[in-house]
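After this come two complexes, each holding subunit A, first together with subunit B and then together with subunit C.
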Partner chain A sequence: MIERTRTVNVVATGIMIAGILFILAPIVIAFLTATLSYEEFVSGGGIRLRVSDHFWENFAHVLFETRLPAQLWNSVVISLLVAFIKCAFAFTATFALVFYKSRLNTVIFAITIVTVMLPLELIVITTYQVVANVLMPINWLLGWTGLDALIERLTGSRPYLEYSLLDSYIGVAAPIATSSTSVFIYRQFFMSLPKDLPRAATMDGAGPIRFMIDILLPLSWTPLVATFMFWFIGGWTAYLWPLIAASTPDAQPAVVGLARLANTDPDRIPDVPMLMAGALFVSFIPVLLIGLMQRQIVRGLNLSEK
Partner chain B sequence: MRQGFYSGGWTYTLLVAPILILIVIFFYIPVGLAFFWSFFLERPFGGGSDFVGFQNYARVLSDPEFWSAMRRTLVFMVLAPGLAIGISLILALAADRGLRLSSAARNIIIWPKAVAGASIGVVFVFIFDPFLGVFAPLNEAFPGVWNPRTDGNDAFATILVAQIWNGIPFNFIILLSGLQAIPDTLTKAAAMDGAGPWRRIRDIQLPLLTPQLFLTFVLEFVGTIVEAFGLIDTMTQGGPGGATTLLIYKIYVDGFKAYDLSGAATQTALLILFVGIMVLLQFRLEKHVKYER
Partner chain C sequence: MTGTRITIDNVTKRYDRVEVIPGLSAQFEAGEFTVILGPSGCGKSTLLNMLAGLEEVTSGRLLFGAREVQNVPAKDRGCAMVFQNYALYPHMSVADNIGYSLKLAKVRKAERVERIAAVARIAGLEGYLDRRPSQLSGGQRQRVAIARAIVREPGVLLFDEPLSNLDAKLRNDMRIELSNLHKRIGATSVFVTHDQVEAMTLADRILILNEGQIEQFATPGEIYHRPRTTFVAEFIGAPAMNLLKARGEGGNLCLASGTPMTTVAHEGEVLAGVRPERIELSDAGLKAQVLYREDLGSHHILLVQLDSGEQMRLSTSQGGANADSSEVFLHIPPDAVHLFDPETQQRIN
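For the complex of A and B:
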């Protein structure tokens, strides 16, 4: 800065310290509490800012006596699926929208963008119905076209197709992946590329698909990696939908598992140290990801320009 | 929209088909079904539906619990984004000064983005516990001052604080990116002309930050309607006495605990309309937001 602004800098530093403390306080409290044994916790009367040496006991309890490790694996698979679907589907579609001449471009863009406005959590009631039987639309089609009556006359039974995706990885991941924010981000990025890129590729004998894979994909690495990590975190932190779509503990992701674990007998003081260890356990992968990769994520999402 | 280069029906169809199939099945059909069920009543023992016209709407709209949930949602929608964006803005303005602490602040303040609302809830419900948490000493001195288990306002405040903790990171990052994109020369020129830091914030940084502020409000408004669910479910279960039952939680309870499909779908339809109107209003407002720099 070109001026002397000591007081302002002191105030700014104070504000930042307050902000960092506010963000870190719950994490530190969770960590400190996770080092207590249950007896220490109960006799100490709750929050005490001191470190004890029972962290590994609590951690071992989480690892060997809860379902959280298996549910952590569910979270990994579901989050990878969400991130992959969101990136891959949006990438090919946005490529078509930006680099193809078509009258449908505007319509398809509008159809995908509406999904950004309405979060999945708003429509879980009926999404549940659809995922409980993804073949329902085919039944409607049979009904509207009168084909079901025809089949009934031929075979004697009215066809009713049923296939449930509840409790499956894809059933949990697919509805989360519908929000097509990626289309927005990729479109902005593609539009910033030189307009003559596909022309040059054609002169070198590359068709559209070749252009997409060999030229566009490497060029788009920064936004692709950023969005992939961001949607991975989004899939990991989803709660309401996985809570509904995965009813059995074996199918639930770790966040839902932790919440079920915390939901215990109200008459007894819960095993808070173990729960805090569990909360750290289900959060460390995405927090590490965002802590280590935040520069790439922020740059790739291109947040400085709207 | 810019005119593309390639043409060709088959490849075009194959490229856009996956995302269209996905969002038709898992987005448009559920939205359509919500409106369908809002006009129909499920038969008690399954198998079919009866058209009831606007009866579901009449039932929901005459239910005082719906209106109190709506009112709480509105209060929450004003308080949580307002506070989260306000605090983020102050933090971003401080971090933008490029001080020694700035890069640490940048890194740490984004962490809560990676923590699920439900996990935050599990930690915060303990932190705010009247007998075990941080306010336990206060309760020993003045019994009954703080008890989110029985006092509705206390419970609402705990949800609010947890939501703000969760909401700061993303707003902070968006606003900080916006501030850092403001050309250095502008700030320097203003400083040369004798504008102090406060004056520069008011006359240069805030006006040039309008697009980012707008973006944060758009994202936060819709976000807070749904994100509070994980907090409510793990911290208060809508209580005490319904004081933290926001509409999103009421819909969940009605649909999956009370099995009132039509009632839940009708409230969903109303919430969709409400969000739609909010989004439209925001885009009307956007026309007044300057984007050129």
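For the complex of A and C:
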């Protein structure tokens, strides 16, 4: 029920304009600040709403004198990994949940939901321990079975396996990707498909994997693209975990690198105009993606329309 | 292409604790067109899915020809299925939909194209091969589904209410097409429906299912003229057969009130069934009040009440005697009466 009276229209438009201003204001301020020179900024006493002509200077500084361009590449790889891992696991898991009835379905689904309710921020220390040595469970298993004592007796040294994923792309990406929110979206979508579709495929001689690849995957393209975009941006803006897991600037994604630029010299007022230019530089890829894929994202997440 | 004989040997099906099919045996001859008819929830789809291999058989044996198939995967049974909602692959062209099974069976491209063209011709789909299912009408979609089913030349063709999503006129046309198609390809066909017109017109034999059990398995004529149980009697025919409590006394069939209805050779309590279209209007006989008159154009259906209180339905040709009167006299020919045992509900005459 949509009422189309004048007052409603005026009020709605007003609210919308207020919302747009609210959202755009920080970007406008960032852009204005990025046009100032450091001296103008310092003498002006902080952030002020005025335009100057030092934008390209600041931008060139970001491009040629910081590590942000290289870290931008890190961000691309990590975000792609995050989005790909999330989508691939959620897709296959949902496929199994929806099309294969098992008594354990509710249990499996419940466990899946738990990962949604356990954000990475909450388990960051344990996650760090695991990523710092992904072979830890094997050590634990060796100790538990008593095999390590046996090996010590035979070889004289107690085995301790160690393999760290810190500072690697996968080490940064994988923990961010361990969330199954997309399962909900895919599940809703799969259940809206005709239930005879998998049966028709079975009659045609397609096994489960064939059905998934030949039929389900092409049909799920829109929700897949939308969630992929969504998680890509999520990976791009992730801060806490990459900050912990990537200790060297070479491994850090751009968002972390940007934050690090702010406090290089504690005695000096940060070069805010340059930082703002950096912020614009770091966000242009996600903004570009959203701009290009807007239609797909809306279509993919709008589940009522098939 | 020839059909495969299907033998269902004491097959049961249960879901957890619910027994859907308690033990069913039947045989469908090679090339025969069998229609499974029954009320909603009686297990028609379950039976069909077990034949297809989409549902497991709880116990019993299924034979296609001499081969036991109850443990054979669906794709190796040599049967194909047409679904109610078409279940076409929306992202594939008509040609790819039809050819998908051939592709999976690793048939060479050239042969595939040839066979797709051949079934498209049979199904009247030439010129539509490049379209997507969403660009077709309901009838055309169902033709694609049928073409997809017959392209592998199956020995057994299964249909689960394939026409029930189509409008009435299209349904009539498709029925005739299906019938012709069946004669042409000769596969053993099993067709589930709850539309009795489809059952009567398409079937070589109709299997009437009620709560997972066979009520009657016979030709359409036999089912209509000699229903084996009251269930079949009431289920087949529209409007449904009138069933009245009666008793045979000294050659007369009398209603519960004692009024003689017609003559009969049977003695004792019975359930007497008379089809509405066999009741005649005359100048004398059983007197009845007309409670309600439905004008269907080609004929009228009257709901009448006898003096003794029983209600019956009868159909008369339009403009028949007493077209407007509220009081009519009924004549029931003796050979129009079906007698059933009131205890067992089985036919006696």
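In the analysis below, the second predicted complex is superposed on the first by the 284 of 306 C-alpha atoms of A that agree within 3 Å, B and C clash if a C-alpha of one lies under 4 Å from a C-alpha of the other, contacts with A are read in each partner's own complex, and residues count from 1 in each chain.
By our rule, a contact is a pair of C-beta atoms (placed from the backbone, for glycine too) under 8 Å apart; a residue touches a chain by one contact, two chains touch by 3 or more.
These numbers were taken from a predicted model, which means no experiment stands behind them.
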| item | value |
| --- | --- |
| Of subunit B and subunit C, the chain that contacts the larger number of subunit A residues | B |
| Contacts of A:180 with subunit B and subunit C, given as first, second, both or neither | first |
| Which of subunit B and subunit C A:275 touches, first, second, both or neither | first |
| Which of subunit B and subunit C A:121 touches, first, second, both or neither | first |
| Partner chain in contact with A:109 - subunit B first, subunit C second, else both or neither | first |
| Touching partner for A:8 - first (subunit B), second (subunit C), both, neither | first |
| First (subunit B), second (subunit C), both or neither touched by A:296 | neither |
| First, second, both or neither for A:199, with subunit B first and subunit C second | both |
| First (subunit B), second (subunit C), both or neither touched by A:215 | second |
| Subunit B and subunit C footprints on subunit A, overlapping residues | 199, 202 |
| Interface residues, subunit A side, partner subunit C - complex | 194, 196-197, 199-206, 210, 214-215, 218-219 |
| Complex interface listing, subunit B residues touching subunit A | 1-8, 11-12, 15-16, 18-20, 22-23, 25-27, 29-31, 33-34, 37, 87, 90-91, 93-95, 97-102, 104-127, 129, 131-134, 136, 165, 168-169, 173-174, 177-178, 180-181, 188, 191-192, 197, 211-212, 214-215, 222-223, 225-227, 229-230, 233-234, 248, 251-252, 255-256, 261, 264-265, 268, 271-272, 275-276, 279, 291 |
| Complex contacts: residues of subunit C adjacent to subunit A | 49, 52-54, 74-75, 79-81, 83-85, 87-91, 100-101, 104-105, 148-149 |
| Sites on subunit A touched by subunit B in the complex | 1-3, 5, 8-9, 11-13, 15-17, 19-20, 22-24, 26-27, 29-30, 33, 45-47, 85, 88-90, 92-93, 95-102, 104-106, 108-109, 111-112, 115, 117-131, 134, 136-137, 174-175, 177-178, 180, 183, 191, 195, 198-199, 202, 208-209, 233, 236-240, 243-244, 255-256, 258-259, 262-263, 269, 272, 275-276, 278-279, 282-283, 286-287, 289-291, 294, 298, 303-306 |
